[in-house]
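Just below sit the structures, each encoded as structure tokens.
In what comes next, chain A is part of two complexes: it sits with chain B in the first one and with chain C in the second one.
Then we have the complex of A and B:
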């Protein structure tokens, strides 16, 4: 990883975090709550994209990981309030990593194409059924009455304290995911994605790398999920429903899978669309579906891909005006601009 | 064991044939275009709603023939929608990466959900079967609702019709040729694009037919698509690469797992479907019938 790359990332992260932390001064409580949910969703999107764009695995079961973190944290907060919240987050991350490891261990026997996607979907629904039908997990009602915790002397129930905490943990998770993506480990993930056989010849243990990617993605998603319970005061089986698994995919493709920040852009735009159409039953599905379809068919690089292309064309215009008139090349969809 | 064996086998047949009705069109499209079409469940759902509206506007549910006619009209309507979807979307996905195709069809499913919510609303509606199918017969301890028997017969009929279409007709042989090697088929002068379109239309029509035939079995809500598409996905994947026979076999096998599993663990309905799906895929990763595509 080059130093200028890391510096640019840190600058963007600091600006975004600062903007999120300043939001309560400009927006009402409803929007601040929404921003907290979006922050969690950003991590879920980035964790998915670590698998999708870096490791080349299409997981349709990400909800399992976020839900396992959410339930682990909720159970600890309700039944064992003496456990410190930071320890709760670590336990949630470990739970997510363990479940991701277990599912990955079985599902990674079939990594090609739709088989892997459907296997992860099947395991996710398996977990969903178990959560929704077991009284330990509160069945269909879920677990309610989750309080915002204390961290030492800090009471996160006060004012916007919990929101600030969510933003800080989110920023930390984003940094972890960026570091993994650009580390030696992330490069070996990419080598496995681009050509598993060549990677194997070069001495990379392909299955182990894929399992590691799965466990890291699961741990990050579970930590983000763990933040959800105290924010909304409830965790329900809906968190594990396969519809939740598709959300990180939507964020990623909408924002641009080829960019690290793609899922963040996608999560914000998606949430804005959903917020704007929340009173119209059906319209939000229609708009989300139409938007996603348009992205896949017309701008496979996502919104950031489109923006990058636009910037390049603007820069190229004085030198080669004819190039700007070229239609979108399909090859641009696979462009690596990390 | 809580229920007796004949009841469990009867439940297997109901589950299996209802799911096969939905999965048949999905299998066709997966076998030829290699598109695992998420939106199939959505068009099945729209089919069910269309059939329901037909029944409300006319006296379609007055007898079994009207019911069948309504189902066929629904199949035609959804088949026509298939033509539009093929032209507008599927053709453009031909050179797109598989993951993006899966997501595009999921986006289409969202559009279907939105359409249903806008036109028919969020409330759960239900239709009762025509009077001929309303009765129940008894065979010893076995309770046989006539509508369930009808669904089983319809599933078998669709299976046999597709077997005949694919193996006995010239169109079927063209479809098989393209499933095996589209490049070679094109070289031999077969109009591959036309057969692709025909496959999509047949696949969508089958979704519409399933919606019409199963309308009386379901409480219609916008969740219907999600419930059936997961089951149909399981059947197609377990069945193998778009094999109709494989899908038929997989429907029965997964139905068996579901009905026995539900009898064993009644507090966790639906669990054993996923257990069986995962187990079968681990033992036979390429599905039950992996050799011949669309056999």
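Then we have the complex of A and C:
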């Protein structure tokens, strides 16, 4: 991790956080709420991409982790309101990490590649069914009436206080994920992704690294999920549905899997398109699906890949026009940027 | 009289401007601008066909009110949003509407969405009128003063049990085809509660409750469950499967003759199964939010005519009537209180008696549950009905006051159970 990379990351994070914090001054309550949901989705996308692009693990069960965090937080807020909310978030993160570890322990033991992906999907569906059929989790109706909590003297139910809290916590989670991606641990994840056998010869415990990546991704997704309950005031089995697991994948593919900020761009663009077409009932899903198809087929590097390509072409043109075709290699193959 | 100086003039002017800018249109009648109502209902996805009845019903209801001069001289206008039957999507669009200043909303049909609206509307100072959400929790353990069920509650199942006791006193053994889902279990539990109350009261006989057949959702093959049901001694069957599942179940049950010598009471499919199976549909009873052919009220007749003129659909389903009842409830409450402000509308809605497509209904003040007549229709195949293949052969109306459960806001319903 070079210092210039870290500085550039921090500048972008501060600008994005400031923009999100200023949003309530310019937008109505609906848009502010949507921005809170997007912030949570950004973390879910980045947590998925830690597994996918950094550790080389394709998980179809990310909703399990976010839903486990959401349910852990909702249960504590409803049944043990005396537990401080920051402790609730830590417990939610631990729950997500533990479930990720348990699933990873079984799934990574005997499978890899597409079999691993299918197994994560199977576990996710199992968790979904358990939630939907267990009275403790409110069965199909879910858990309702989740109030926005207090943190010491700070009442997060007042005005946009909870939205501000969501933005700050998601910014912190983004920073954690960036640090993991660019740390020595992240480099060992990449080594395992690129060539597990060579990594093992170099002394890296491949299975342990994969489990660690799974647990970190699960913990971050669960913490983001824990923020969801007080935001929407309900947690329902829909959160654990396989459709929710596809969203972080879509954000990542749309924004660009080879870029750290890809899932963020994907989540924002995806939500903007959904919002922009919300009054076109029926056509909304078609437009969103068509856009995703177009991006995945036409620009495999995602929107950030396309942007990077455009910038490189512009930079290359005046100096050496004949070499303009060189940067055409997919951004994803160059490893993550920033 | 003291002379008005510059400071006093400026101060009073600023005060007046502040007062006027605070909420200039709260009092109805001071402007001709439309009163905007938000309609949040499924407009895409598998529940779109129900949402389309809510949408069309609300539009027709608003057209009729506006043609009659609006509410206190102001027209009503609708702002639609797609909830996709998903609590997260529904709360997002509801908040967006609240952000636009639309605090009066209607149209929810999914229970999870209606349950999510309680704390949301309370925190954001809005109101939602559900148009068909079935969970008993809405007016019991999850009661919120900001959510009203202006249509049938779970007590329609009790009305259906009562009707069976009145019409078929000899059919005293009952079982159910119940989907493995919260909704299915609740419906069965309340139907059993009704059987245990009304059969002894009306027929003097104790009903025999046979364990229901629990069926999975979305199964393409129900034959094992059908043979299981056929082996029971129950002479009456209540069906809680829904939509495509119900159509598949009914179709597969034909060769087994499951419904040949049994009374079939369907919970809430209205014309859904009959439209799918046409002349293959078994003779059965079904509950409906509103049956257009009953001509229960002058409003119902004019609403039906306008609905057919607008959509061309001569057999609208009951959700359209629920949307009319929701729009009419807001119109009546605004007319009564002269305000569109949330607190005033909640007060006006509580205890409100007003006319709807199904006749008069009253919103119970204690738990925001409407008390209305419950409607049941009998459907049977009819080859002579060329375009639809079935006909409505009977209609029964049960007054809601005699079957509604006691109001226990904040507490779970207490139900009778078979021993």
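Operating definition for what follows: the second predicted complex is superposed on the first by the 318 of 338 C-alpha atoms of A that agree within 3 Å, B and C clash if a C-alpha of one lies under 4 Å from a C-alpha of the other, contacts with A are read in each partner's own complex, and residues count from 1 in each chain.
Please note the rule applied: contacts are C-beta pairs under 8 Å (C-beta built on N, C-alpha and C of every residue); 3 or more make two chains touch, one makes a residue touch a chain.
Everything numeric in this text was worked out from a predicted model, so none of it was measured.
**Q** Going by the contact rule set out at the top, does A:236 touch chain B (first), chain C (second), both, or neither?
**A** A:236 sits against chain C, while chain B stays out of touch.
**Q** Classify the contacts of A:34 with the two partner chains as first (chain B alone), second (chain C alone), both, or neither.
**A** In the superposition, A:34 touches chain C alone.
**Q** Tell me the contact category for A:140 with respect to chain B and chain C: first, second, both or neither.
**A** second
**Q** So which one touches more of the residues on chain A, chain B or chain C?
**A** B
**Q** Would you check which partner chain A:289 touches, where first means chain B only, second means chain C only, and both and neither mean what they say?
**A** first
**Q** Which partner chains sit in contact with A:157 here, chain B, chain C, both or neither? Use first/second/both/neither.
**A** second
**Q** Go through the superposed model and pick first if A:4 touches only chain B, second if only chain C, both, or neither.
**A** In the superposition, A:4 contacts neither chain B nor chain C.
**Q** Taking the superposition as given, does A:278 touch the first partner, chain B, the second, chain C, both, or neither?
**A** So A:278 only meets chain C here.
**Q** Applying the document's definition of touch, where does A:58 land relative to chain B and chain C: first, second, both, or neither?
**A** Only chain B is touched by A:58; chain C is not.
**Q** Can you list the residues of chain A that touch chain B in one structure and chain C in the other?
**A** After superposing on chain A, chain A residues 133, 281-282, 284-285 contact both chain B and chain C.
**Q** Over in the complex, which chain C residues touch chain A? Could you list them?
**A** Within the complex, chain C touches chain A at residues 43-45, 48, 80-82, 86-88, 91-93, 95-100, 111-112, 115-116, 118-120, 123-124, 135, 137, 142, 180-183.
**Q** Name, in rising order, each residue of chain A that touches chain C in their complex.
**A** Within the complex, chain A contacts chain C at residues 27-34, 37, 133, 139-142, 144-148, 157, 228, 232-234, 236, 238-239, 278-279, 281-282, 284-285.
**Q** Quick check on the complex: what are the chain B residues that touch chain A?
**A** 36, 89, 92-93, 95-100, 102-104, 106-118, 121-122, 226, 230, 233-234, 237, 267-271, 274-275, 277-278, 281-282, 285
**Q** Provide the residue numbers of chain A that touch chain B in the complex, in ascending order.
**A** Touch list, chain A to chain B: 52, 58, 106, 109-110, 113-115, 117-119, 121-123, 125-126, 129-130, 133, 242-243, 246, 249-250, 253, 281-293, 296-297, 300, 330, 333-334.
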